[in-house]
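Structure first, then comments.
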Amino acid sequence: MQKIGVFVCWCGSNIAATVDVKAVAQALKNEAGVVFSTDYQYMCSENGQAMIRQAIKEHQLTGIVVCSCSPRMHEATFRKTAVSAGLNPYMVEIANIREQCSWIHKDIAEGTEKAIVLARAAVAKLHKNAPLTAGTSPVTKRALVIGGGIAGIQTALDVADAGFEVDIVEKSPTIGGRMAQLDKTFPTLDCSACILTPKMVEAAQHEKINIISYAELESLSGFVGNFTATIRKKARFIDEDKCSGCGVCTEKCPSRKGLDEFNMKLNKRGAVYIPFAQAIPNVAVIDAEQCLHFRTGKCGLCQKNCSAGAIDFEQKDQLIERKYGAIVVATGFKPIDASAFNEYAYNDSPDVVTSLEFERIMNAAGPTKGQLIRPSDLKHPHEIVVIQCVGSRCTEDKEKGKPYCSKICCMYTAKHAMLVREKYPDVKVHVFYIDARTPGKNFDEFYRRAVEQYDVDYIKGMVGKVAVEGDKLHVQGSDLLNGEQVHINADMVVLATAIEPDPTARSLGTMLTASMDTNDFFTEAHPKLRPVESPPAGIFLSGVAQGPKDIPETVAQAGAAAAKVIGLLCKNELTCNACVAQTNEAICNGCSQCEKVCPYGAITYEDKEIRSPEFRGIRRIATVNEAICQGCGACTVTCPSGAMDLKGFTNSQIMSEVDAICR
Amino acid sequence: MSLTNKVTAEDVLRISGVDASRCMQCGKCSGACPNYDEMDLHPHQFAALLRKGEVERLMESNALYQCLSCFACSQRCPRNVEPAKIIEAVRLTVIRQKGRNYMTADRLPEKLDEDLPQQALVSAMRKYSK
Amino acid sequence: MSMNQEWTPKIVAFCCNWCSYAGADLAGSGRMNYPANVKIIRIPCSCRLNPMFVLRAFQRGADGVILCGCHPGDCHYSTGNYYARRRMTVLFSLLDYMGIERGRTRVEWVSAAEGAKFAATMNDFVKTITELGENKKLGDLRCKK
Amino acid sequence: MQEMIINRLRELLADGEYAGVIGWAQGETPFDRTPNLFNAEGLDQLRYDSFCGSNLSKYLVQQASKTEKKIIALLKPCDCYSFNQLCTEHRIDRNKVYVIGVGCKGKIDVEKIRKAGIKGITGITEDGDLLKIETMYGEKEISRKDVLLEKCLACKGKEHKCADEVLGESEETCSGDKYAAVRRLEAMTAEERFEFWRGELSKCIRCNACRNVCPACSCIKCVFDNPNSGVQNKAAADDFEESLFHIIRAYHVAGRCTDCGECSRVCPQGIPLHLLNRRIIQDVNELYGDYQAGESIGQRHPLTDFTLEDEEPSVIDTRGGGK
């Protein structure tokens, strides 16, 4: 039998005005198990708390009920009070007689009667309480960042600067990501490489950062603070430690059929190549599909010419297993495949390019050395049409395209138009747009500059058709403002294509048990309040993997994710939620229903030896990982035998409350 | 359709099976239209005016008979609004009304033309009269 | 209950900790009135509501049981209320099928910002239950004093 | 058919690979077939005929875990659903059972023959769709269709959904709308429905036959036997408890019930318990899309699943049926 103390708070007149607190305290004295009951003006005050402490000691109370304001207000306070008097914090129950009683009722008799019932319910629940101890789990002080674009780099730098080790796993041969492919950035028009490459170098040289390039996450197990990842480092057939990045091999390579991924496949590269001049690691990689040595067994020119002896045709994929405390998803995006939009003649003419391809054409290190020339005949174009929203804002039942706004296209289109007009005033630029969406600091000013200062021809409407006519592209579109159909004979057409999550995102999401939306963007734990966390604890989101965003937003989110990671890694151990689910092994059927409704993947099954009156032998039993369980209780209801229960809100606790209320 | 022969936007929506509220007025339909210059109202306006309930204006439009029913607008529409179906539905509501046949048999001889496939006349009859 | 006393319904309201319980608190701090025969039981999430609790309440003399949780999409645990929604739909439908009056059970989504909605919901629910009268079909006679 | 099954089982049991066969044996009364575990020697006692209505899948929960060897199970098409459901719930290890799907053309409910006024039955022979019944008062005839078990009228088809091999032919015996009885109840007023269920459930003597036979009720320890569950209750002392037991039972098997109809078949009081489960099945199908528990192994049942667009619980106020 519990020895319960009841403490009725007046809350000044907040409670006492409509609840006869003395009558409540008196009535509760008659409840079974209540050995002490009193009232006081302000229970949460120092004097009030002292009174509770003293009563606990004096009457050897095993639990207390405080009738006061909402537990959301002072439950933590009174739990601390109880702890300081030697009680378990979970032996405290609050009867909410202010927000849910005195403040809503005017009649004192009514208020008092209800307060007594609420207090009785709290006492009834407390009778079934048991001391709870929150478990702890250790934290591995290392973070894994998946993706080496600006999002991953920024998160890694911030985490590493706080003194924690970070591994960046990048699937391509170099870090840098999409930002490395950009020519200029809006709205400042500074060169993308100029601001990115120093960060890449910083990451490479950071003693706490370990870049694992040309590698992908193979599998993941464990939970927050205790992940174990297996990383597959693909064979690049170059000894990374020996290669100096001199590039002799890339010059000697006789194969010239590989398509240069970095330049959006606009030009060819050798079978052995370094993606771009500032690549990190600055190490070559061999494309085995193109390499003559792998295809014919001959050649080997690169090997003969490598003074460092770095070429290793025998190299194999390598599996790296490491432990991590936190994981950051920064897998970024790719432009959608424009070939589905044949009305824009993307498949018919090389002069119809996507914006990212155009970005490479405009870039000084790109396939045209920054010369604005048409891919088909290398002639200088005089009239360019940009079509916005290609593949964005489509209905979901449309086979092609995405339902969302890709967010960055309006701005990069304004940038492209401006850059062209700046460098080549002779070139006419027409932009077909549905809405110019430019919310962001200095964004609308930037767009207006394109219109006003650079005289870019913005046409409100969409292009219906692009047809190749001789060496021209006949663009037919609508001008909604002028109520006419326009026809433009353009030399080049740029498609501002939608962006979509990297194709690896879906399988990664499954591996991490991180939830994703129908578009394969990672879902945040709470759309407003936890925007950089994934629902499973210890998984964080950075950059476009979570949703379309531009560079400043990406960097901001990367920093936010890093702050969350640091907050986690700086703890030596994690205190788990004490109110977690728990299996009664004697009666668990092992039927796997609870696992299906657990939003966190906290439930696993193991074969255990059970000795109970009903069963002796080995049986499949549900096990709750207390470090992962958040205590929602979904499992408890799905369990037909009642083997799964929730500590702090057990079946018998809640039923006791029901009984007391209905008494 | 109600007995008073008053055609409402709901009638057109029902006949066409189109959800005009999905239209975001991007104008791609009108950009794709091969007969744009011949039409007084354009595909995107059919969606827009229908949204506003201005069926009368649509019914008075000569675009009903200039639309080639090529369905380019429907096919290109990023939001599955299918303007061609709206035009078709409005046209149907017009020619179903008494004395509103757009094409009658007695006008056929004047249209006969060596280069014009007769099949076209047959289908025009089907399309423009009840 | 003595015979001469006027009957008032007993209502048990299960509120999820994150939205609806906070919504009830807000109704309180806004001094929004609703009848005193509504008694709230705090549960972590609407998905914690076991149908057995609902039946237990009716057995012990409750006249109405209402579950309040976060709006779909807003669950603190992301998916709890979706499960609760299915569970309660199936349970309520079964009770209806067994001849228990519709209206004795209800689910309402009340966010932490919807104090007014909480009060309005409770007022309406109490009104419904008062009109339905005493729960005789699902009560355990031994629990009626 | 029986011969064919026994012969095949002899072959299978010959080399000692299998621990035995779960099948039917002669029960205490002439038309009673009782579940039994056979070994090679006892195969003569195996019975398979039109009276083998019982669903054997639940017996595998215990038997299959007892031995290291595989066990052979004889399952009718409808039994396969329960078997699959139990495998889904890891209550049966699929790898430890060799399933022989046995042909079924519907099983006979002797009670129905008696209810048709034929008393003193001494023997029943089948002649196509006709049953020749020998009674103490002479030979009578009755159409086989008219005396099929209730569950055969809701037959889910002739396919064995889990068989390793199939012996014999099956026929679908479904007779039209299996929800007809549910709809009849729905069409009543709430008062009438309440009276109906009150009347039926008050007959319950809490013998637990429904629970014990139900393949979905396979809990190690039932909440009604568990003093800590808060609903422990061995015998109904109040009309509430009769209802409580059956509501909770129906709810606990919701989404998992394959509609095998065993609960009603075994109820000594003749309570149409399956009408509770069937209503839930109807609800789930209408609200969440067609679902058949036990269709295959590894399914996720509707109550452990959701969609963002699910109906609100208030949908029951506006849905058809009921008043």
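Here the chain labels run A, B, C and D in written order, and each chain numbers its own residues starting at 1.
Keep in mind that, in the parts below, contacts are C-beta pairs under 8 Å (C-beta built on N, C-alpha and C of every residue); 3 or more make two chains touch, one makes a residue touch a chain.
Just so you know, these numbers come straight off a predicted model, no measurement behind them.
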Set A-D beside A-B; more C-beta pairs touch across A-B
Round to the nearest whole Å and give the separation of the Cα centres of chain B and chain C.
-> 54
Could you please state the distance in Å, as a whole number, between where the Cα atoms of chain A are centred and where those of chain B are centred?
-> 48
What is the distance, in whole Å, between the centres of chain C and chain D, each centre taken as the mean of its C-alpha atoms?
-> 36
Which chain C residues sit where two or more other chains touch them?
-> 51-52, 56, 79, 83, 87
Do you know which chain D residues sit against two or more other chains?
-> 223, 229-230, 303-305
Could you list each pair of chains that touch, in label order?
-> A-B, A-C, A-D, C-D
Considering the complex alone, what residue numbers of chain B touch chain A?
-> 22, 24-33, 36-37, 42, 44, 72-73, 76, 78-80
Can you list the chain C residues touching chain D in their complex?
-> 51-52, 55-56, 58-59, 72-73, 79, 82-83, 85-103, 105-107, 137-142
State the interface residues of chain D toward chain C in the complex, per the touch definition above.
-> 182, 185-186, 190-198, 223, 229-231, 237-241, 243-244, 247-248, 250-251, 254, 276, 279-280, 283-284, 287-288, 302-308, 310-317, 319, 322
Chain B-facing residues of chain A, complex = 343, 389, 393-395, 397-398, 401, 432, 434, 460-465, 476-480, 483-485
Flag every residue of chain A that touches chain C in the complex, lowest number first.
-> 70-72, 96, 98-101, 103-107, 110-111, 113-114, 117-118, 121, 515, 523, 525-526, 535, 579, 597, 599, 630-634, 636-638, 646, 649, 651, 654-655, 657-659, 661-663
